[in-house]
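Next, two complexes with subunit A in common: one pairs it with subunit B, the other with subunit C.
Here is the complex of A and B:
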């Protein structure tokens, strides 16, 4: 049994709706979900909203179906890029995604931008073709492509666009580095992980790739997001909570570091 | 030896409120599934649906459905299941979605899985019980899960499921 993750749940100000979506996800068997804050920066210096703390939503997280641990909830930011954007403060978010609207931005996002996920259009015809060069560059770097399926469930026309865009992406990337997530706004738009793996077959993925799209690749995205906060993926800093006893101690800084290392 | 092989899809109907599940009929599931397959896969899908698919079992209390289809085409039918958004039940539209729990080759394997799954659900309900009497009932139901006399056991479990759910909601 591998861990299944759903990395796209559209955030809303309604806490009860978020609660019911996360409870449904836990019932269906997802071990981790990510709440997605979508931002479309119009001017250059627009404020990025700070995500609400995860412990605000639940006192006690619901237990995942089939396991005994509670569900994990993360924060994710999606930037709808229609122009160049600068790397602003991303430390509050565990995952960063970009949704490029033009071919140039897609190329830049695959090769240079410091993101974890690149979103594929689902609600409209793809405005540009996927070229092999940037897609392979993204696969080498460890950036993943994401398809959302909630639009396909809502509307028939969206279904055609979703399937068409997904299939053209699969042709170029050969099924590697794909994740499938819900993009759900209501709890009724979620589907179980095995159902999604079956949808992957409709998107012309192979069976192994489809199952990986919901489990293994999602875990890889999480690790990629964690390495963004580290120095080359080797060293990371963590804020230690100050206990009152330590505050009273007047030991010099060098001695403190040694005791922590040993 | 030539044998007709089929696949049984064990699904659960998930609704936001359980009371709307009560009057569910297997005919409504069959018709909704046929419409979904026709929309998703066209004439080819409708033809495949007509030859092999039948709703074998439906439990209105817990929302468990057992759908049978031919082995060669069960993936096609399964992929159309995910697109169902509402069920038509005696003239009312019920918003729901179908979650596939298990795919089995025979009814017996699906029954075995269902007993295990119901026992897991009862375990999940145990921390939410508020009174001791409820807890005792749930524990008794967990201990009485077994495959022999499956139909009676399932009725008992479903009965206690229902009681606990009602108690939880009130």
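Here is the complex of A and C:
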């Protein structure tokens, strides 16, 4: 059974609304969701808001329909980059996304920025065209492109922009490294995972790619986010529980390993 | 020596001409009074918004409709499944009110829609 994830649920201060969205997501079959905090830094040194702890929302997480484990909730940060972007450490967030507004920033985000997701415009016409070079560079690095579908449900004009931007992206990247997520602000804007896989077919993805956009690729994004805190994904630090220190026995000198050649 | 038992296997590639979808309409403010004709009209409007006149004229049938729970079973030709499904997904409002179509089951066989492990409710006699 594949694991479906919805990596974009817009956060709000209304706890009940968040609760109902996550409950609906669990009912629809998503095993993981990510609460998205959108930040638009106006000045250079704007504070990044600290995400509220996930256990504040629920005492007991709702069980995913079809499985027996509860839904997993993560925190994600999206930065709307319209100007120079300073690389700040994001230790409180599991995922980091960037929403580039100019072509230069898009190129920089694909090649150099330390992010997991690059968001594609849904509410407006794409101000720049996607070039193959930065997109392929991003695919090699393991960065994913994200399309949100909630705007398509809200408004007809935005539906055209969403579909147009998504199709032009798919043409350039050939269906690789795509994830589709909701961007939902209300529980009625969520749709089931197979519905989204079908929408992928409308965006001219192949069937396998469309289903991967909701399941496999999302899991890859999560792993990419985890390895950001490690050294090349090989070594990571973990707080070790304190054990009483043992005293090492001194072995007699004659039995110590002879390392020097006489 | 016994002869090994023979068997034949039939594999159907396109078994059925139709696809059946079991869907349910969820409204924001609880259930409204919607007749089956209005339900079908709503779906045709959704198809028209997304795919225009050509998409809206693609034939599909509403086989069953439960007015209390607002659930229904649709039948559509295989070629029109993706269009109908995407139109249902992107439909957002009904008479200026937020709504959502939840697709519960999709199958090329109508018999598969009769049982659903998601809505299975065990009776009281679960244990022997």
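By our rule, the second predicted complex is superposed on the first by the 239 of 262 C-alpha atoms of A that agree within 3 Å, B and C clash if a C-alpha of one lies under 4 Å from a C-alpha of the other, contacts with A are read in each partner's own complex, and residues count from 1 in each chain.
The criterion applied here is as follows: contacts are C-beta pairs under 8 Å (C-beta built on N, C-alpha and C of every residue); 3 or more make two chains touch, one makes a residue touch a chain.
In this text the structure is predicted, and so the values were computed from the model without any measurement.
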{"item": "Fit or clash between subunit C and subunit B when superposed on subunit A", "value": "clash"}
{"item": "Contacts of A:65 with subunit B and subunit C, given as first, second, both or neither", "value": "both"}
{"item": "First (subunit B), second (subunit C), both or neither touched by A:105", "value": "neither"}
{"item": "Partner chain(s) touched by A:199 [first = subunit B, second = subunit C, both, neither]", "value": "both"}
{"item": "Touched partner set for A:81, first subunit B, second subunit C, both or neither", "value": "neither"}
{"item": "First (subunit B), second (subunit C), both or neither touched by A:35", "value": "neither"}
{"item": "First, second, both or neither for A:20, with subunit B first and subunit C second", "value": "first"}
{"item": "Touched partner set for A:178, first subunit B, second subunit C, both or neither", "value": "neither"}
{"item": "Residues of subunit A that lie at the interface with subunit B and also at the interface with subunit C", "value": "28, 65-66, 152-154, 156, 159, 188-192, 194-196, 198-199, 201-202"}
{"item": "Subunit B residues touching subunit A - in the complex, by the definition given at the top", "value": "14, 16, 39, 75, 78-79, 81-83, 85, 95-97, 99-101, 120, 124"}
{"item": "Footprint of subunit A on subunit C - complex, ascending", "value": "26, 28, 49-50, 82, 85-86, 88-92, 98-100, 102-103, 106, 118"}
{"item": "Partner subunit C, residues of subunit A touching it in the complex", "value": "28, 65-66, 149, 152-154, 156, 159, 186, 188-192, 194-196, 198-199, 201-202"}
{"item": "Residues of subunit A that touch subunit B when the two form their complex", "value": "20, 24, 27-28, 63, 65-66, 152-154, 156, 159, 187-192, 194-196, 198-199, 201-202"}
